[in-house]
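Below: the structure, in structure tokens.
Labels for the chains are A, B, C, D and E, by order of writing; each one numbers its residues from 1.
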Amino acid sequence: MSEQTHAESSTDTDVVLEDTSNHDQIAIETSGEVGEVLLELDHVTLRFGGVVALNDVNFQIRRGEILGLIGPNGAGKTTAFNAMTGVYTPTEGAIRFKGKEIAGIKPHTINHLGIARTFQNIRLFPEMSAMENVMVGCDARHKTSVVGVLFRTYRVRPSEEELPESGIRRSLAKVFGISRHTLEERAGRRRSMELLRFVGIADRAHELARNLPYGYQRRLEIARALATEPELICLDEPAAGFNPAEKEDLMGLIRRIRDLGHTVLVIEHDMKLVLGVTDRIVVLEFGQKIAEGSPEEVARNPKVIAAYLGEPDDAA
Amino acid sequence: MSQITDAYRGLKLGERWDHAPKPVRWFVMLLVVAFAFYLPYLNILPFAYIRTDLTSSGSDWASVLFLIVVYMIVAVGLNVVIGLAGLLDLGYVGFYALGAYSIALFGSTNSPVVEAMQSKFGLSEEWAVPFVVCIPIAITMSLIAGVFLGAPTLRLRGDYLAIVTLGFGEIIRITARNLDGVTNGAAGITQVPVPPGPESDGRAFFNTIDAERWYWLALAILILIIFLARRLENSRVGRAWLAIREDEDAASVMGVAGFKFKLWAFAIGATLGGLAGLLFGSKQQYVEPNAFMVQLSFLFVAMVVIGGSGNIYGALTGAFLLTYLPERFRDLVDWRPFAFGVALVLVMILRPQGLVPSRRRAREFDDRREEAKEAAADV
Amino acid sequence: MDFDALISGLDRHTLDGITRGSIYALVALGYTMVYGVMKLINFAHSEVFMVGTWTVLGVYTVLGVTAGAGIGMVIAATLLALLAAMLASAGTALAVERIAYRPLRKKGAPPLIFLITGIGCSLVLVEIFGQVLRVVFGRPFGRVTVNIPSVLETKTVFTIPGLDLAVSNTRILIIVGAIVMMLALDTFVNKSRLGRGVRAVAQDADTASLMGVNRERVIMLVFVLGGAMAGVAALLYTVQYDITKFDIGFIIGLKAFTAAVLGGIGNLRGALVGGLFLGIVEVYASAIWDSSWTNVYAFVVLVVILMFRPTGLLGESLGKARA
Amino acid sequence: ACGTTDTGGSAGGDEGGADCNFKIAAMGALSGPNASIVVPSVDGAQLALDQWDGGDCEVTLERFDTEGDPAKATPVATQIAGDESFIGVIGGAFSGETRATKTIYQDGGIPMISQSATATDLTQDDPVEVFHRLVPYDDYQGAAIAKYLLDEVGATKVFVVDNSEAYGEPLADRVEETLGDSMVARDKTEVGQTDFAPTISKMETAEPDAIMYGGYIAEAAPLLKQIRDAGIDAPFIGGDGLYGADFGNAVGEAGEGAVVMCPCAPIEGDSTFAADFEEAYGGAPGAYAAEGFDAMTIFLKALEDGARTRAEVQEFVSGYTGDGLSKSIAFDENGDVPQDQVSYWAYKNEGGTLTPEVEVKPEG
Amino acid sequence: MLLEMKDAVLSYGKIEALHGISVQVKEGEVVSLIGANGAGKTSTMRALSGVRGLSAGSVTFNGEDVTKLRADQRLRKGLVLCPEGRGIFPGMTVTENLNMGAYTRKDKAAIEEDYDRVFDLFPRLLERKKQIAGTMSGGEQQMLAIGRALMSRPKLLMLDEPSMGLAPMLIQQIFDIITEISQQGTTILVVEQNAKQALTRSDRAYVLETGNIVKTGTGAELLDDPSVREAYLGVA
């Protein structure tokens, strides 16, 4: 779709993977100390009929770290994500986010508390443009609802840079203020664009999500999740379908996400990526935690090698 | 100069509109509105051929215009529910009926409810709830009905919702028909009040004959509604609806409170449906259950879809055509339903994206068509 | 309100409900199959049924059979009518598919468009019998109720001992006929290869074609099977009620669709359960109150059930992919 | 829309100049499933007009199709009321549309004479000046049916069913009222219903010696068939909603002997009216043809009398007395014909045709 | 030549994804297709399998022009695609999904054998025979998709990123399977991001870049090619 009616779209073209975004605009404010426990799985068990997808799993995620979650296929990694984001409710045990019990809470509420995720099987809004997908994420932090949109009731006193340039509108805005809706809309657009730049897909911002190549879609999912300003972002196999060079880029991206102030939890089968980017790793097998520790420790752990890595010749 | 015209030539009408300077757009819109208000008096040939009262046994032009506008209000409301939020509502007539019945039940001296109030509070036989008070009552009642219906059922997906809403429409109608003691049952309620206004020629300002006054009133309301409804589309709310339509679970994980927004869509739709029903009942000055059969719900949905669901102007076009054409071609008498059916099928086959699709839908549609075409290129 | 009437006549009402429900169920199959495969409510399906009833009338008229014909003639006429109705209904369904839906599919139209087109087709079919054919042939076509000779005279075949419940030949035919057809169809779809193809297309048409399933064939098959079932329903209907009308499909169609949803749309057994359930609920409600409230109770029951089972009594047979 | 529609050819152009150039409107279900009980009456009106020698006057009858639907009738009524060249309305044919439009006609000051709208409330509950009708109201019809059931059938256990509609339900109510203890049970059905099993099983329990149905043909036919199928052979009677040729066709053999009550006297097959009607429309005069004829005649007489405006016509109609084809006519202050003028006839369905059986005179 | 695609152009609406590419696969070969995101690998597979029609160019299979054939018709000729993103039937059980793989086959006994073979390869599937496929983990679904493709006994098996989402040990296994079935006589065309593995195991390979074929050669040649090494193997 070549229609580029919007002004922002044509700003950057070839610089795709390079981060040209303005980090001030997309960094998030965090309320806690680096290193404190952000999320905690406390003896979590989750069963589907006969299948025990998670079996008495305990682990913690600390603020500011990049935690890897690995394990064989069907070990329960995605299920753990689903439990953390409200898609499933654990059969037993507790999940605490910033000390608050979140098991059983609705997904959108959990998102508002500060957890966002991507999906293993990409789930974008296929008929919306990339930009709009991210806008939906930004909306999670916005307040204006139907009445505000319809009647522009909630008005705020604009700051100097938010004031329009021209005469009449400027004076009007000074007297009556600007509706929160307008400001949010503006901020959302700006932020979305920055995020698209950040993940490196701004060149196709106005294309429908369904028409983007797989790799772009993966990155778009990340941008959308970031837009909700999560303190914890969970990435489910973000590198699936990437070639080694792209994986390399992704590693950079994940680090930069952490630098923005997010805590990152990542599921990934690509060991090079996992070992290269994470601070700590938790290993699941058959729904149970079989190991936890620094990348080096885990990579050397015989149990992990037996269950998951196989012979350490060429895992990448 | 020529550069500008060149640039214009390549663009489609919609894009040209987007590119036009603001004053031009305002001016054009003003002209359109002015023309709409002038329509009942339209008498200049050949334009006057659009009137419905030219043929023998034609129907009153201003009354038809009024009905068109009422249905346009319905279409705008239903477009929010179907086009924006993607909820298939096959019982919209229920809200329409509620609007009409609320004004009748509270505003008519003929209504058992008013009679009960009269005797309870010792009021005169002439007393009924005044028209202006009936409006908030009607709106509140339809809004409550919307929430009441929505709250338990919006968790249902797609076509389950369709059948439940269809049932709701039927429940409203059947209840109105059977509760003789409250609604006068099948006989209906007469003497539904009209908006206040100065009397002339011994008739109320809003009387049954001078239909153009009703038309203007409804048109003014419609314009206000369009103005407001447009605001929804490109907003946080509109995006939330779209996201829900696409993938509700993913939207939820992205922080979209699906249920809340769906309920809003329902409530907005219900309110507009009720408002349209109120206008209809008041103009008719008579309300009876048979005016609210399921088929009317289908017609409403057809209006939205034929026009191009998701686009207010599409919905308006649909409402206009589906109301106007059958009236204009009254001469066809016995052939009208057949002609209507054939036209419906033909329009859909020839223009499946709707007559005036929203740009988003048109784009979506282009893509899908390509896909369908290519996959089947070989058959 | 008269619960005694319900209790005292429970057996009788149940039988009535099953009779009514069997026909709903057969018609519901058409909705459910098309929905399952194409995710579309085929609004014209009610008219597919209607065409079947007229075909039965046509066969009787051509054969010149009337009430009181000999047993051999009755059996022959009924079988012939059944066959013709199945053919005509299946043909109508297929025609709708070809003329209206197919071009839309080629253009990749969204589901709502199919819905409205279906409504249009339904109107056209109704008017063909209500107007077009009347103008061409005159009566019995037109917008009036038409008598169909009761070729199969109602006779009590046996009385259920203890209950004192007389069971007539027509009821046996309807109930047994409906259940047999259902079972046959169910077996076909679940056991046969083609049936598996139908289910595969229902879940993922593209992948199905990668497995060698011819999608267009499957779609045709679904319309034909659904249509044929409506044809069976049409015959059974005329056996029981002996009338038809240009718009007779509307209400039955609506009820059948409700039944399909009630049972879990897309689920064949759901259609059977939903149909019978709805029929019984309606008859019970009419027995306790009267028929003017029937639909209210039917829909209230529907809502209550969907509250607890959001995908119908038996659930959709198509599972949902997870996050 | 007064004064707004007088151009663009809507009024046929030249009404300003000519002295006596008028239109009369007939409004009713001219298409759709109920057309067969309405069209004959409009044909009757046309016949009266065709047979009229108007001298200078030129009158046309315009037919407006409402499909019997009140919602569709209102724009039609507004059109008629707004067009000054119309000086009278024949109709509405059905009670519902009449109820919905009579205020409009009242506002327009245009007189209406209905050939068949029988609902009681039209004249009894909130009468309007302009409304007149040539048929008695359903209080009488209900009483007549009850009387027939008691006197002619000798019923003591009547089962009363209605279709929950504006016409059938009050009629059945009235029958119930008059029957008193002679009614055993009452049931309600719906328009469009085809399976009457619950009603039938109630009948089996009640074991009635007669059955009364208030409603129209479409449902009466399957109902009666199912009654007979179930082996119940009690006499069956319905109101004027069944008074159409289609009833016999639809019900077939099961309808043999069913009785239809109608406030319309039989038209002698060899009368001039019957002959003329036959010649003009190729069939015996159907439902309310004579009443349609009478309605037109009254309007034409008004013009002969020199009435030239709606008000004058209205005045003439209200004060009219005279013998019509159907009955001798004089309207009371509510617009009703004197109820002692009316007679009801029970028609029996014999081999598919309704043949007059007996006249019934209800006490009011 | 078992499969030959000539000057194929494929577009999605206004976007042209393949600008006239030619691909050949000989009987018995393992050929791989590598390239960056959005290069058009999946599009190529779609075009070959018939899920998408071409706007120009031709496809011949086994000496027969199949350009105008639908996907199901091509399958019957032995051209089988295991699509990207799995594409299992989410509402069917594992067994039923496998069954669908054998949809066009009539040879009951051989089908039974193939079941055993698939269950041998993926014991997890045997454990979960009755599970509804949509509820399985991503990797389990991937195994199912591959297993199902094997059930159709293809002449030419096309795999679109078969290793996606699989644990390291399984990836090894998948490639072993590819080698094994190739030895059993099935020709294979595979799209892989895991370029090193893919190139090691294949006879020939194509490198795709934005809708064009930019390089082709034997697996070993490309493994040694510096530009390929840099772009796709992550080694400078």
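The rule we apply is simple: a residue touches a chain if its C-beta (ideal position, glycine included) is under 8 Å from a C-beta of that chain, and two chains touch if they have at least 3 such contacts.
Computed from a prediction, not measured in an experiment: that's the story for all the values here.
Taking the mean of all protein C-alpha atoms as the reference point, the chain centroid lying nearest to it belongs to B.
Each chain gets a centre from the mean of its Cα atoms; the one farthest from the centre of subunit D is E.
Centroid distances from subunit C, each centroid being the mean of CA atoms, peak for A. Between subunit B and subunit D, the centres computed from C-alpha atoms are 35 Å apart.
With centres taken as mean Cα positions, subunit C sits 33 Å from subunit B. The mean-CA centres of subunit A and subunit B are about 41 angstrom from one another, to the nearest whole unit. The multi-chain contact residues of subunit D, meaning those touching 2 or more other chains, are 31, 164. The set of subunit A residues touching two or more other chains comprises 1, 78, 87, 119, 121, 123, 211. Touching of two or more other chains is recorded for residues 12-13, 50-51, 70, 135 of subunit E.
The part of subunit E that touches subunit C in the complex is made up of residues 49-51, 70-73, 75-76, 80-81, 83, 87-92, 96, 99-101, 103-104, 132-135, 148, 152. Listing the residues of subunit A that touch subunit B in their complex gives 1, 5, 85-87, 106-109, 111-112, 116-117, 119, 123-128, 132, 135-137, 139-142, 144-146, 149-152, 181, 184-185, 188, 208, 210-211, 224-225, 228. Those residues of subunit C that touch subunit E in the shared complex are 193, 196-197, 199-200, 202-204, 206-215, 316-322. Across the complex, subunit C meets subunit D through its residues 5, 8-9, 12-13, 16, 19-20, 67, 139-140, 143-147, 149-150, 154, 240-243, 245, 247-248, 250-252, 283, 286-287, 290-292, 294-295.
The touching residues of subunit D, when paired with subunit B in their complex, are 1-2, 4-5, 7-10, 30-31, 62-65, 69-71, 74-79, 81-83, 96, 99-100, 103-104, 107-108, 119, 121, 126, 164-166, 169-170.
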